[in-house]
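Two complexes come next, and they have one chain in common, chain A, joined by chain B in the first and chain C in the second.
After this line comes the complex of A and B, so read on.
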């Protein structure tokens, strides 16, 4: 019990540190004291105010929300499908969102404002198709069916994306940043579009914490306790699809985060209890993405490295180190 | 018969199932099974492989939805019961549950207790007492802080029973609780079920081993080809003629001084010979 509290406290401290750094660091360095004052409405000079309010605060909030959303989406899917490989990629959301975004970038480059909506729409469409197929015929709603339908949809949408890129190679460079995954300094615009989806996903996630703990003891025990295993899996799929599609609309394809963060917090906390794993994945995902985004845009400033690959390069050694220590 | 604190009409049986039919993937598994449970009895379901024993207990527990027939829990039609209401009527203990990493025995039993909670509400003092009671009744409080992944088969089976007990339902249903256990652990589980029934619980247990069924059960129900074909006191039902007809074996159930044994002519019969015993 104490170990879990310690891990949660460490993650929270890491998140706070990352958030402050994210707002202090950049082309213009702002002293931490000024950042705190500006956040509480005072201090700093005009330029500092403007940088924090219009650029860094929205970007930091986006990083925290997207990181938390992807962490929770991964935790929900891994719990609901009882499969350590489950992530928003596996139920088709990330590849679907990728296809939607590339469609706009390549076919409608003049209407780039539609990108978040297209990513959201195709991400949810892919997840809907996965669940429609998984919920039909024999053995409907079983883990195997969900995973296999998801892999099929992943392949289909990835093929669609690749075909688009191959057909319009001259426009492919502008798609790279989205595919790699990364945040932009575009103010509150994206969040204003997708916040209802993030909120809905988060609310469903909260109601699923206890049912997922029941499901961890098997479908039979969950049913004995009055839950409906297939309904829990469906709910987790819907919540994860909402969270991951909204994330992709903001920050492109960062599927790795949703796969790895829940594993890291389980290993660190020494438990797979969802009352710990779900909130810890939210904090851990938020901290990781905020820290990675800060590093990605400051290490070689003014060049911004795409945060997706950067995060993978940072995250994999940590993951492997924990994996070696885990039983 | 022990008295059980039981809500609902006093006259109604705890469970009354009639004409239960289930087809799985188009294959009929249950073709009209009946089952009654009275408060305070231990009933064993016996039958050959593939007869539909597991399907029957899963159907009357609400884990599968019957295609036809009626299942009444204390007079209430099961179809009309919501999850939490059903969880208060019966607990189902599967053969072997998956073992999630880093979950202790106490945490697992706490998850069992959550059956009594409304969504998003917290455990009360009552619930904590219920968890302690379940740990103690199942005899697992000694290793309550250990992780599930460190337990032996017999210990894990007791924990599964504890999870069911935490629901505090009047009926505990178990699907072959001893099928993967060694002799000592089997004796332990058999004794545990007898003690629980002695304390007022009602138990329905699928048992593969007929000698074990005869020793622990007040009543056995024989399932064959998707139907309940006989029910009653073990030695009266499991006659050599019944063993020959239902299991196709030349065998005799013997009880002496509280010990039961199945005497089997393992190699004794020619094929196609009528094995009906005298």
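After this line comes the complex of A and C, so read on.
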């Protein structure tokens, strides 16, 4: 118990440090005192206010929410499917969202304002198709069927995306940041679009924490304890799809986070209990994405780089170190 | 081996061979045109710049390249010329290209993989895809040399220089300009070593770069720098059509990150969809004038 508390405290401290760095650092140097004053409604000149209020604050909040959402989505899926390789990619959400966004960027540039909605729609459509196929026919709702249907959707939507990019190579630069994963400095407009989906996903996730622990004992045992394994799996899939699709609408394709963070917190906490793994994944995901985004926009400032590669650079060494210790 | 060279080789053992060789060298030096390679007859122009330069020089290519959904500007519109659709990574379909039996292809770096394959097919490949006004002028002359229209190229070049000078005269103000490529909230900024960047600078604009340089000519620059440098004019070069201009203009103006800039507040956010700022063209003076009149108002 003490180890779990320690891990949660460390994750919280990491998140706070990442959030402070995200607010304090940027392409334009603003004294930290000014940043604090601006956050409390005073100090700073007009430009500094504009940068802190409109650019850094929404971006920091988005990084924390998206990181938390992807961490939780991964934890839910790995728990529900009993598969360590499960992530939002596996239920088709990430490739579906990617296809929706690239469709708008490449073929409908005049409707570019619809990009977050298209990513959300196609992400959820891909997940819906996975669930429909997995929950039809014999052996419906089994882990194997969900994973195989997910891989089929992943292949289908990835093929669609790469075909579009190959057919219109001169339009590809506009898609790079979405594919590589990148937050934008576009105020609160993305969150205004997707917050209901994030909230719904988070609420369903909270209700599934204990049922997922029972599911971890095996379908038969869970059923004997009064749980409905297929319904839990479906609920976890729906929550993960909502969280991951909304995240992709904001920050592009960051599937890696949902795969790695739950493993890291499981190994660090020494437990697979979802009462620990779900909130710890939320904190860990939020801290990792916020830190990676700060690096991506400050390391070569004023040039901004996609956040995806930085997240991998930060996350993989920690993951491998913990994996070595665990083995 | 019935060629002249073959016959010469057969004569190598003959007493008079050294004399004959010396005579041939003297002829080559005295009358270079007599032994110079014949200009290519079957030319394919994959880049709009090469196609337009050939048109200016009165040379008709057997085919021109056209990207899928691209807005390439051909001036004048080539009539009766085959169009080769271009796609990643080769550029043209190599079988289709080979069927045209070209002896020269004017290509670009974009189709690097295809260029290699074209050379393997025995086709001469020359790259002319300038990213600066100076480069475009130099390439105009080089293309003229290659196609055997050197003198006409020299005259064309002189005329172009004069037109550019005239188009750049009387610049009254130098507004700060952010020129961006692509759509969405993560556009790339044109740098001075890009075609569009050079045109805007020549038109009197002060290009917003955040102090960044890059060999590619484009970089994604932080919106914090955009807010701090406060551009007077924002020009976007998306891959879009004329009918998309109103919605894209509104999308850019409403970008929360740029809403406070002078460009957004004064309504100086423009969309250019005709590729004139993206790809090198031969109508350089006209493009400079259009940028001055429509966007920079200087």
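By definition in this document, the second predicted complex is superposed on the first by the 312 of 327 C-alpha atoms of A that agree within 3 Å, B and C clash if a C-alpha of one lies under 4 Å from a C-alpha of the other, contacts with A are read in each partner's own complex, and residues count from 1 in each chain.
Everything below uses one rule, namely that a residue touches a chain if its C-beta (ideal position, glycine included) is under 8 Å from a C-beta of that chain, and two chains touch if they have at least 3 such contacts.
These numbers come from a predicted model, not from an experiment.
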item: Fit-or-clash call for chain B and chain C when the two complexes are aligned on chain A; value: fit
item: Per-residue touch tally on chain A - higher for chain B or for chain C; value: C
item: Contacts of A:28 with chain B and chain C, given as first, second, both or neither; value: second
item: Contacts of A:136 with chain B and chain C, given as first, second, both or neither; value: neither
item: Which superposed partner A:54 touches (first chain B, second chain C, both, neither); value: second
item: Partner chain in contact with A:273 - chain B first, chain C second, else both or neither; value: first
item: A:45 touches, of chain B and chain C: first, second, both or neither?; value: neither
item: Contacts of A:162 with chain B and chain C, given as first, second, both or neither; value: neither
item: Minimum Cα separation, chain C to chain B, after superposition on A (Å); value: 40
item: Residue numbers on chain C that touch chain A, as the complex places them; value: 67-70, 87-89, 110, 181-188, 210-212, 214, 218-225, 227-228, 230, 238-241, 243-244, 247-248, 251, 255-257, 259-260
item: Touching residues (chain side chain B, partner chain A) in the complex; value: 25, 58, 61-63, 82-87, 90-94, 97-98, 100-103, 107-108, 111-112, 114-115, 117, 119-120, 160, 163-164, 167
item: Residues of chain A touching chain C in the complex; value: 26-28, 46-47, 50-51, 54-56, 58, 105-106, 109-113, 115, 165-171, 173-174, 176-178, 182, 184-189, 297, 301-305
item: Contact footprint of chain B on chain A as seen in their complex; value: 82, 138-139, 206-207, 210, 213-214, 216-218, 220-221, 223-228, 266, 269-273, 327
